[in-house]
Amino acid sequence: MIPRILAVLAALTLGMAALAEEMKMAVTTSFENSGLADVLLPAIKEDLGLDVQLLVVGTGQALRLGQAGDVDAILVHSRAAEEAFLVEGYGTHRREIMYNDFVLIGPAADPAGIAEAGSAIDALRRIGTAEPAFVSRGDDSGTHKKERALWAEAGLSPDTFGAWYREVGAGMGASLNTAAGLDAYILADRASWLNFGNKGGLALLYAGDPALFNQYAFLAVNPERHPHVRNDLAVQLENWLTGPRAAELINGYTINGETLFIFNAKSQ
Amino acid sequence: MSTILPLTMTNVAVRRRGKRLLGPVDLEVGGLGLTIIIGPNGSGKTTLLRAMHGVERLSAGAVRWSVSEEEARHRQAYVFQTPIMLRRSVADNLRYPLQLLGAPRAEVSRRVNDWLARIGLEERASLQATRLSGGEKQRLAVARALIRRPDVLFLDEPCANLDGASTRAIEALLRTALDEKTRIIMTTHDLGQARRLASDAIFMLHGMVHETGAAERFFGTPRTDELQAFFRGDIIA
Amino acid sequence: MNDIYDGLVSAFWLVVTLDADLLEISLRSLQVSLSALVIASAIALPLGTFLAIRRFRYRRLTISVLNALMGLPPVVVGLIVYILLSRSGPFGVLGLLFTPTAMIIAQVIIITPLIASITHQAMRELWAEYHDLLISLNTSGWQRIKTLIWDGRRNLLTASLAGFGRGIGEVGAIMIVGGNIDNATRVLTTAIALETGKGDFALALALGFVLIALAIGINISIHWLSRTEREGRW
């Protein structure tokens, strides 16, 4: 019996060989949820012969992964945190790639009336006054940081809010699931919202204020800090991401006919 | 062939939780034949047998053989009151003690087949041993004990729960073993069996050796009142 | 209810069309959990047996520790393995974080105490049964362990399968140490978590059904493999 079982196990456990060059890049949940990666990664593989392995995490963890040298590059959207990352010498430089925008989602009936708001700040003030259920990512992600910044600009502090303000400490999709379950307001990136399959009674209520724009930047991990990182591959990838093929794919990417990202990398 | 006998017990005692189960016992067993140990329930027969075999922790005294302890351990076997069956086939149960010694394969098969025939279980060779009847299990246990050709064989009430036919089968095995010069020491509560098999006997009472003697004298003219009472079937205080 | 029906339908289609992603993810789940099972069994079966038959100074303590380890929360195991394997951690030079090897390591830590503990229980009973005979036959410690493992092999198989079930169904630890990287470390459970996050319940459920089918399938086939052997001998 035992030799037979071992033979079966051995057959099953044989590793799956990887032949192409590989690098690891930490990206934010919102980027992965947009579905853009499914378009870009095959093109990268085609053009560069490079397998980019994505670690889908919050911005906070993405930066930590870069600091620890566990990834070769990061693609995130939280400028202040990115600059701190550079100042501490963990990255070589920051390269802007593209932006998309955040949207305010809420119950279709819109009890706080944010659809008529004049600005994103005004929309948040209305929510702060009406105190409807509001779901916050609460996971230190780029989206979460953006939300905190907007509250601050509106002169409000989530730490003083009552039970209507719920920090779920989860990714975008899980947070949207929660919001759908609670019929709550939530700040989401447009891509995640469009790709989200369980909208329930939620609707897009407010968008368009430039204050809601969301800049993505690429940062290669500093090889002086972590000699083992594949900086050569990260540089190749950066060049590709800022090049014409990427521009075409990013600007041409739509969900339900809506454009999601605007390519805005400056050539060096 | 030299033998590991005589067995010498000097001042052997077994105590458990402050209670004296056995001893002090001084005893010598040598020569040939079959020694019967009898006595009331709880008198220490099993404890004595286990102490002789070296599987009971002694509180005092020593058990010695004519050879080193290590060698003596290999040349004796024990059949427990309730036969312990390995969860394997009948043949594999017989094979096991020989495998432990690393005996050559051909030799092992030859002896296993020989013993299967002797205990009449050839047909059952590949049956799971735990499925045998009580009598068959006890036969298998005796065969498994004898397959290494031990100098000394201990048996603890080997026929306690067996019917007449099964008892006769076991006794036949023991007679053959005696003919092949195996020294046997066994307990029984069946006085008929004791008389049929014994060449000498030990009477245990309250954890002590109360009376010993050659079989004829022991059963014919018991010296102590207690042994006489035991033979009469009286309750002994 | 509709979600479950949709899940069943998509599971059916994913399987009959031999969906390439599904196949890859399922094979990786098997690869990781079976490797972990083999390694954990190699440690846990002799260890559990040893604990059942050998008396030594800290035996009771060891058994208590083992039982406590059985209740280790997988996420905590994941976190600790993560920190150890991170480039900035003590084993960082090995570069194992976010690889299937890291997932195997985490699963081994999670399932070894479980297998060892079940083994210990089963072997303790068998040892009580065999004790006198094996002592009388003057067996060496190693011969005792071999005998018990062989004769208790069906119990041990059950112990191993319990470990496998826990391993292949685990998500917290392997999500952390594997990173759920598409085409590299994504397995059934992490894929389920991902699809649930995207609100794609039908696909998540489909993957869930495949996971359940796999777990049951492995159980049945291992039992079947061991049965054909036994029938030959009876």
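Chains: A, B and C, in written order; residue numbering restarts at 1 for each.
Operating definition for what follows: a residue touches a chain if its C-beta (ideal position, glycine included) is under 8 Å from a C-beta of that chain, and two chains touch if they have at least 3 such contacts.
Bear in mind the structure is a predicted one, so any value in this text is a computation, not a measurement.
Asks: Counting contact pairs per chain pair, which pair wins?
Replies: A-C
Asks: From the centre of chain C, which other chain's Cα mean sits the farthest off?
Replies: Of all the other chains, the one whose centre lies farthest from chain C is B.
Asks: In terms of Cα-based centroids, which chain occupies the most central position?
Replies: That would be chain C.
Asks: Using Cα averages as centroids, what's the distance between chain B and chain C in whole Å?
Replies: For chain B versus chain C, the centre distance works out to 47 Å.
Asks: Would you mind pulling out the distance in Å between where the CA atoms of chain A average out and where those of chain C do?
Replies: Chain centres of chain A and chain C, defined by C-alpha means, are spaced 33 Å apart.
Asks: I'd like the Å distance between the centres of chain A and chain B, where a centre is the mean of that chain's Cα atoms.
Replies: Whole-Å distance between the two chain centres: 79.
Asks: Across the complex, what residues on chain C touch chain B?
Replies: Per the stated touch rule, the residues are 126, 129-130, 132-133, 135-139, 143, 147, 151-152, 233-234.
Asks: State the interface residues of chain C toward chain A in the complex, per the touch definition above.
Replies: Going by the criterion above, the answer is residues 24, 27-28, 30-31, 34-35, 37-38, 86-89, 92-93, 95, 97-98, 100, 153, 179-184, 194, 196-201, 221-222, 225-226, 229.
Asks: For chain A, which residues count as touching chain C in their complex?
Replies: 1, 4-6, 8-9, 12-16, 18, 22, 24, 29, 33, 51, 53-57, 67-70, 170-174, 176-177, 180, 195-199, 226, 228
Asks: For the complex, give me every residue of chain B touching chain C.
Replies: Checking each residue of chain B against chain C gives 53, 55, 73-74, 77-78, 80, 84, 86-89, 96-97, 100, 126-128.
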